[in-house]
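Input: a single structure, listed below in structure tokens.
So that you can tell them apart, the chains are marked A, B, C and D in the order they are listed, and the count of residues begins at 1 in each.
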Amino acid sequence: MHSIDRLFEKSSRALAQRTSRRSLLAAFGQLLTGAVLIPLLPMDRSARAATPGAKSARDDPQSCDYWKYCAIDGFLCACCGGSSTSCPPGTAPSPITWIGTCHNPGDKRDYIVSYNDCCGKVSCGTCECNRNEREKPMYRPSRNNDLNWCMANADANYHCSVSVLLGVAEQ
Amino acid sequence: MNQMLLRAGLLSLAACFRVIAAAPLPAEHLTVTAMPPVNAHRIYIVDEAFNNEIDARVHVFDGDTFRRLGQLDAGYYPTYNLSPDGKTSAIGTSYFARGGHGARTDVVEFADNQTLALTHEIILPPKRAHTLPTPFGLAYSADGRFVYVAYVTPAASFGVLDPAKATVLGEIDTAGCVLVIPSGPNRVSSICESGKLLTVTLDEKGNEASRAFSDAFFDPDADPVFVQGIPMSGGYAFVSFLGDVHEVDFTGAQPLLRKPWPLVTGADKGRWRPGGTQPGAISSPMHRLYVSMHQGGEGSHKNAGTEIWVFDTVSHQRIARWPMRAHKLSDVLALQVSQDEAPLLFAATNQADLAVFDALTGQLRHIEPKMGQTPWFMHNP
Amino acid sequence: MHSIDRLFEKSSRALAQRTSRRSLLAAFGQLLTGAVLIPLLPMDRSARAATPGAKSARDDPQSCDYWKYCAIDGFLCACCGGSSTSCPPGTAPSPITWIGTCHNPGDKRDYIVSYNDCCGKVSCGTCECNRNEREKPMYRPSRNNDLNWCMANADANYHCSVSVLLGVAEQ
Amino acid sequence: MNQMLLRAGLLSLAACFRVIAAAPLPAEHLTVTAMPPVNAHRIYIVDEAFNNEIDARVHVFDGDTFRRLGQLDAGYYPTYNLSPDGKTSAIGTSYFARGGHGARTDVVEFADNQTLALTHEIILPPKRAHTLPTPFGLAYSADGRFVYVAYVTPAASFGVLDPAKATVLGEIDTAGCVLVIPSGPNRVSSICESGKLLTVTLDEKGNEASRAFSDAFFDPDADPVFVQGIPMSGGYAFVSFLGDVHEVDFTGAQPLLRKPWPLVTGADKGRWRPGGTQPGAISSPMHRLYVSMHQGGEGSHKNAGTEIWVFDTVSHQRIARWPMRAHKLSDVLALQVSQDEAPLLFAATNQADLAVFDALTGQLRHIEPKMGQTPWFMHNP
């Protein structure tokens, strides 16, 4: 449960910086109470990766097929001067994020991934990637990648997206 | 032979004379084009300009003459809507003092659709929801007295604006429910994470008078609905990822949840799915629902459609399947249909082409190439 | 000389609205003194239209091959809701312009053309046209199409370009 | 046979065990990438983003690793330059309060090239020349003390800025001559309609001390020069539309006009021409001039080049012709070359590809696709 705890801690800390306690509880109540375990740990894996990329692409941080990117709809920071976990020079990471659960074919485990936006410069425009595994519409914001997660940054302009492994999605 | 030559010579001379003698073209005068009157076949296309996101636009296009009528600036992550009388465009957007950085200004700008000139603006608190276009980012009350704007900071709420007085009247917390679905002169519904609708009723001054939650009208875990609800007579239809149609009647004091009906049945269920940025459109007068459909699985809900499926909204029967590749069109991201009795169906593709079909026969009328960079949503009167 | 007079009158009137008299004389002295006749009326027509468009394109205001567009580098207003002489709805014409001399194959005459920019909305982005017959670099501004001729408008953003016949280029 | 099965079984078991037993991947940490140290092969590419002109950018690219290093916002019709020490990017640009409309702010923004973060800005009068990129829209004095910015309203003048104190020191009228060609610590030359250079010498405070006109160094009627002058040791080379090279030595108090020499001779004269948005580049250490050449006539000066021609700047002999179609490259709009002894030649095409060549051999090293929308000018240290 270590990684799940980290997820909660990270998400709630980040949110708390920007939102009133009441709104926080209202909007993300499920995330904080543990009910989140169900959406975070989907049981149905049969539909995953209907057309899996080649092994090299699945391991290439500059490819949309990279396994960690299963819920990124945006530009890959790895093509924009950053890496899969690092924002490009001169941009600022978003403190709030959406969450994915991606299957790593290398070790056959599911991982919880935090997708942070990198903010403060105009759109990178390179390596557009649109994957939406277990992505949900904006009424479930913690699973939604259409929101501009730079929204709460001092410079709210979206530049690109990174993927940060939080831990294994244990069942 | 001599006669022939003579005739030829005379003809040449006549031709020369005509050219030399014709008066030169007159001087021209520089003008500004007047818009044609609004008609049912005019369409407003939101171009997110995803590679240059601070430069979104709204393209105005005439489905009869196939002419681009003009353009509105739309800023960053815009939300757009028409006033109930169709005469005004309202563009909710965000600007930064230095293009892509610097102080953020959230604003609703109003434009006269007869001139495409801006008339006034209302500055918002910097809370406007930055998300992809839906019909519910900004909406007018039925009488045009209020404008509602969805906020996400990520705390969810909405602003109530008075467009006539150009002021923000207030902000109403929506307890985590998002977007503004307008009904009647003073009701706003928002979609909750639980699948319920929260409906806030406003008083005369735009303050909250009461609120109530509906039952859940869909299951957000098993089969979420697209937030791009489709306007229909008396309410909206919400299509789910797996293809169920959840109609909600908003004519009463509280939303009435109708029994869902399926677009996809039998072996096709879960294989053929609706998808895109504006997956469907309804012609209320003709009782037809158009949905952009593709073959795919979990996570494919943003895929563009290879076919448009046509349904009768009364019988719930599928009437037609129109494959796009028959017209050499790429896949369809957004659909809209005009609300007259000779309806046009507009389809924007993932290659930024805009196709215009006869909505009754599926006959292709026109393909307008390069309708902006990423035309993801369309509105019409 | 009627049309030439018009040109001078129009250009100088427009310029006078925005520039000091001194700068005006300095920058556009030649235009006002008549020395402009040489660049306005080039004698060498042999190089014109190396690859002339089809007749229909030469007469189509939505085609870059339209004969009047011989020095437009920008977007054609005729594709943006305007026409070859009319700005799209909601935009404002630039009061200052650059000038071209184009050959009309229909009547075999050369015409002086004023190219105005239409201003106040973001770039139209449709029907990009890049023709530069007798176009000169920006040290000859009255013949330069790289300058943003919306520069002096209240809203200085460039949207598209029109072509306005001023008269025959008499020799 | 049994042994074979057993072996296979054990192998499978071992494989399973390895997978199960391996520790899961550790949690990752979100960081911001540090820039590699500046080197001679870093290049700054001005993307005018012509279809979305309020959203120009500068892309930073490493010619050794072929990596995009990052990006700077560049606003509307930007002018860009590097400080003499290469440590600072100066971006002269214009912003509007509402994206493509509203109050205009002209500004020079400064960025640290080691972090790509903005450090400070200087607000200008709203007079900055809105034109395509040249090296002379914004320029530093040789000692870095002054920054000059070209103004056109259309009256021509320039601003003198103090980048250290972040102030505008003043404005100097240039009598209709345009652009800012810097030389020494305190001289600015501008190109006049007559083909002359106006050189203004500044005093300690950045005010005008004196001015003088040169003779005409080209004939603007018969054969104008591109304003994209090419930096070379001690001055700039200006290539003319017909392909003559006009070198100007700016090391003295007044510009020294060298005798022009031709790129094109004999029957090729007037048929092969230089063209594009940055038609040439010079490697000063290697004494080589690279020019983007096409076949065309009057009015073709903005055409992209089908070949790169290479000249010895001492002997004025052509050394090589490199056809782009040999590499399946589209035509070249902009050229730049690194200033080291193992020079790289950068070529940006009209399809927005960036090609990297060995500048000595012409060997293609890399093609970087989609380097922005319209990469029209390149700078390097």
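The definition used in the following text is that a residue touches a chain if its C-beta (ideal position, glycine included) is under 8 Å from a C-beta of that chain, and two chains touch if they have at least 3 such contacts.
What you see is a predicted model; the values in this text were computed from it and never measured.
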{"item": "Chain pair with the higher count of C-beta pairs in contact (C-D, A-D)", "value": "C-D"}
{"item": "Computed distance of Cα centres, chain C from chain B, in Å", "value": "37"}
{"item": "Chain A-chain B separation of Cα centroids, rounded to whole Å", "value": "28"}
{"item": "Residues within chain B bordering two or more other chains", "value": "51-55, 73, 76, 99-102, 118, 373"}
{"item": "Residues of chain C touching at least two other chains", "value": "121-122, 125"}
{"item": "Interchain contacts (touch definition) - all pairs", "value": "A-B, A-D, B-C, B-D, C-D"}
{"item": "Chain C residues touching chain B - in the complex, by the definition given at the top", "value": "3, 6, 79-83, 85-93, 104, 107-109, 111, 114, 116, 118, 121-122, 124-126, 159, 162, 164-168"}
{"item": "Contacting residues of chain D [partner chain B, same complex]", "value": "49, 51-55, 73, 75-76, 93, 95, 97-102, 105, 107, 109, 118, 121, 373"}
{"item": "Residue ranges of chain D in contact with chain C within the complex", "value": "50-54, 76-77, 94, 96, 99-102, 104, 126, 129-132, 152-157, 173, 175-179, 191-193, 220-221, 224-227, 296-302"}
{"item": "Chain A contact footprint on chain D (complex, rising order)", "value": "19, 22, 24-35, 55, 57, 60, 67-73, 111, 115-118, 370, 372-373"}
{"item": "Residues on chain A engaged by chain B in the complex (per definition of touch)", "value": "15, 18-20, 22-24, 26-30, 38-39, 44, 47-48, 50, 70-71, 73, 96, 120-123, 125, 128, 130-141, 144, 146-148, 150-152, 155-158"}
